[in-house]
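Listed after this line are the structures, all set down as structure tokens.
The same chain A turns up in both complexes below, where it pairs with chain B and then with chain C.
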Partner chain A sequence: MLDADFFIRWMTVTAASVDREAERLTALDSPIGDADHGTNLQRGFRAVRDALEKEPPATPGAVLTQAGRLLISTVGGASGPLYGTLLRRTGKALGDAAEVDERQLAEALRAGVDAVMQLGGAAPGDKTMIDALVPAVDALGDSFAAARAAAEEGAVATTPLRARKGRASYLGERSVGHQDPGATSAALLIAGLVDASADGEAGSE
Partner chain B sequence: MKMLINVPETVVADALRGMAAAHPELAVDVENRVIVRKDAPVAGKVALVSGGGSGHEPLHGGFVGPGMLSAACPGEVFTSPVPDQMVRAAAAVDSGAGVLFIVKNYTGDVLNFDMAAELAEDEGVQVAKVLVNDDVAVTDSLYTAGRRGTGATLFVEKIAGAAAEEGMPLERVEAVARQVNENSRSFGVALSACTTPAKGSPTFDLPAGELELGIGIHGEPGRERRPMMTSGEIAEVAVEAILEDLTPRNPVLVLVNGMGATPLLELYGFNAEVQRVLGERGVPVARVLVGNYVTSLDMAGASVTLCQIDEELLRLWDAPVRTPGLRWGM
Partner chain C sequence: MSDGKLVGIVLVSHSATVAASVAELAQGLAGAGTAVPVAPAGGTESGDFGTSAELIAAAAASVDRGAGVAVLTDLGSAVLTVKALLAEGDELPEHTRLVDAPFVEGAVAAVVTASTGADLAAVEAAASEAYAYRKV
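And then the complex of A and B:
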């Protein structure tokens, strides 16, 4: 079972990996976007990490809804509303249970991904975060590790695609040949599930 | 890359503090990043709120003042502001006559303003929105998020601002703003990429001797790269691209806009070529504005925006305006 502590760890390790990868995300965003994806997400996840540390919510759902609200209030751009909606809707779907199992998390995350697709109007193949999130949610029933692998594969698979949503879409054919920064950061979020459970099992921190 | 900054993290806040010191007629909330006309809310007047990423100065904070915007929300560099800023701005300027959000067509701006509109309406503020999407360089919008909003933002903000100042109701101000957008088209070229403070190096590689055609205002590459051309040749490409999409029967407003690093000497010379091409194509010109208005940090280059107007729009364009970035008649 996954408790609020697990979800706080998930957000914390994601904040750490976004910190670590911020430069790479921004570098991916400069040939096809406007070179700010890393710095924007970094600002948001730092705010999430600090808030969760100061006042840790009591339930898994509350951790994610609070994180989502903070991302909307701090990130800006498209990433703020999209990541914010992903976490907020996933959190709402978890309700106020004190603990949830992996299957409930997978269902809730699917609801979150659906909400993102509705908000941004993107579908798989549009070269967006959806290309990492949809395969990850499909694989989540097997294991966190399977979800991480699927998300990373999905992110890499955006390289030959032509962008149809977001800033990169204005480049048309010229967006081909670059890995999508949003799919890359989404893979970091999913990888955070593995790290959060490994941290928990090792009893560290 | 040398920049006149302290650290990248504080460029927006530092600029706002400097703006506040230079313009006591504006109320600048540095912490929450909202720039407001000091006399707002003005009783009975529709309020105009715009915003977007920083780095396009004087857009948008420089267009706050009588005759134009009631408030502006600057985001991080090239990043849309967050809904909290827009809700705060709307609450500060709403006199009860409603608020018009002027939104450029970028996914981030659209999503954040949509969220803000919902939140503001929950607080009892009547909100209307107009989307600016004038950039003809984005060709097959089937595969994109639609056309970008660029230079026409200035026309929309000025003309709708004058409409609001005259006391027109919200739906009328919104209709005027839409009419301006629907009759506006833009095309931009870059002679160099720009450098964001956070990245510290040019956002794309543009070799000497080449230029980018059909750029937006975020340092993203355009639709095509070609060997460098003369000012006259560039004017032909830009005006032709616009006229392929808009056949003006009425006179037009012309904005020859610098992207930030091109001096006025070049912009005026470019305007001479733009006027020549318009003359050859038989397009009557009502008013011309030349300068750096919708910029892209230190990008070199220029954009052309045409707006087909009628008598009412011309009257509203000529109406007095007093803002840091645009001022006449008062």
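And then the complex of A and C:
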């Protein structure tokens, strides 16, 4: 079972990997975006990490809804409302249970991904974070490791796509040949699930 | 009409200068003496290009006179942030609406319409109609 501590670890290890990868995310965002994805997400996840550290919420749902709310208010770019909606909706779907199992997390995350698709109007193949998140959620039923691999594959697979959403969509063919920064950061978020399990007590997965 | 209370207008742009200028333009074209509350929410809190949920929430609160608030945005994160705030439920005043309209033309139509004492639905309709105005 996964408790609030697991979800706090998930957010904390994600904040650490966003810190570590911020420059790479911004570099990916410079040819096809406005070159702020890394710094924007870094600001948001640092705010999440600090808030969770100061006042840790008691349930998995509360951890994710608070994290989502903070991302919406601190990121400053489109990734704020998109990641914020993902985590908030996932958190709401988890309800106020003290512990949830992997299957409940997978279902809740699917609800979160659906909400992001609705908010941004994006579908798989549009060269967005959805291209990492949808395969990750599909694989989450097997294991966190399978979800991580699926998200990373999904992110890499955005490279030959032509962007149909966001600023990159204005570039048309020129968006082809660049890995999508949003799909790349989404893969970091999903990878955090594995790290949060490995850091935690044995048998939590 | 809504008891003499005017609809408030919030203008959300990636640029503080654009938001402030469009607010000024719309109020100028609405005519002298108009009391329509208009608030720009442009750029981030640190003055960069981008969108600030905090600035949007503060602007909406500042123009709320009880007759509703119409929010007009430019693109990308401005649209998504307002939608996400509306989904939160308690971040924006009651009867706040994201209006589907072109930013400059919609702002002028919204402010002029609001200055007549029109309700939120009428302000929204006027701003959205700006899409129908073909330039060529």
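Convention: the second predicted complex is superposed on the first by the 200 of 205 C-alpha atoms of A that agree within 3 Å, B and C clash if a C-alpha of one lies under 4 Å from a C-alpha of the other, contacts with A are read in each partner's own complex, and residues count from 1 in each chain.
Simple rule for what comes next: a contact is a pair of C-beta atoms (placed from the backbone, for glycine too) under 8 Å apart; a residue touches a chain by one contact, two chains touch by 3 or more.
Worth saying up front: this structure is predicted, and the values here are computed from it rather than measured.
With chain A as the common reference, the superposed partners chain B and chain C clash.
In the superposed pair of complexes, A:Leu82 makes contact with chain B and with chain C alike. Note on chain A: of its two partners chain C and chain B, the one contacting more of its residues is B. Of the two partner chains, chain B and chain C are each touched by A:Gly166. When the shared chain is aligned, no partner comes close enough to touch A:Ser185: not chain B, not chain C.
Of the two partner chains, neither chain B nor chain C is touched by A:Thr158.
Of the two partner chains placed by superposition, only chain B is touched by A:Thr26; chain C is not. Within the superposed three-chain model, A:Arg69 lies in touch with chain C and out of touch with chain B [touch as defined at top]. Shared-chain residue A:Ala35: touches chain B; no touch with chain C.
Once the two structures sit on top of each other via chain A, chain C runs into chain B at 109-117, and not at any other stretch of 109-117, 217-225 or 307-315. Shared interface residues of chain A (contacting chain B in one complex, chain C in the other): 34, 36, 40, 72-74, 76-82, 119-120, 166-167.
Those residues of chain C that touch chain A in the shared complex are 44, 48-54, 76-77, 80-81, 83-85, 87-88.
Per the touch definition, chain A reaches chain C in the complex via residues 34, 36, 40, 69, 72-74, 76-82, 84-85, 88, 119-120, 166-167. Within the complex formed with chain A, the chain B residues making contact are 8, 53, 75-84, 106-108, 111-112, 115, 137-140, 143-145, 148, 196, 198-199, 203-204, 216, 218-221, 223. In the complex of the two chains, the chain A residues touching chain B come out as 26, 30-36, 39-40, 43, 72-82, 119-120, 162, 164-172, 174.
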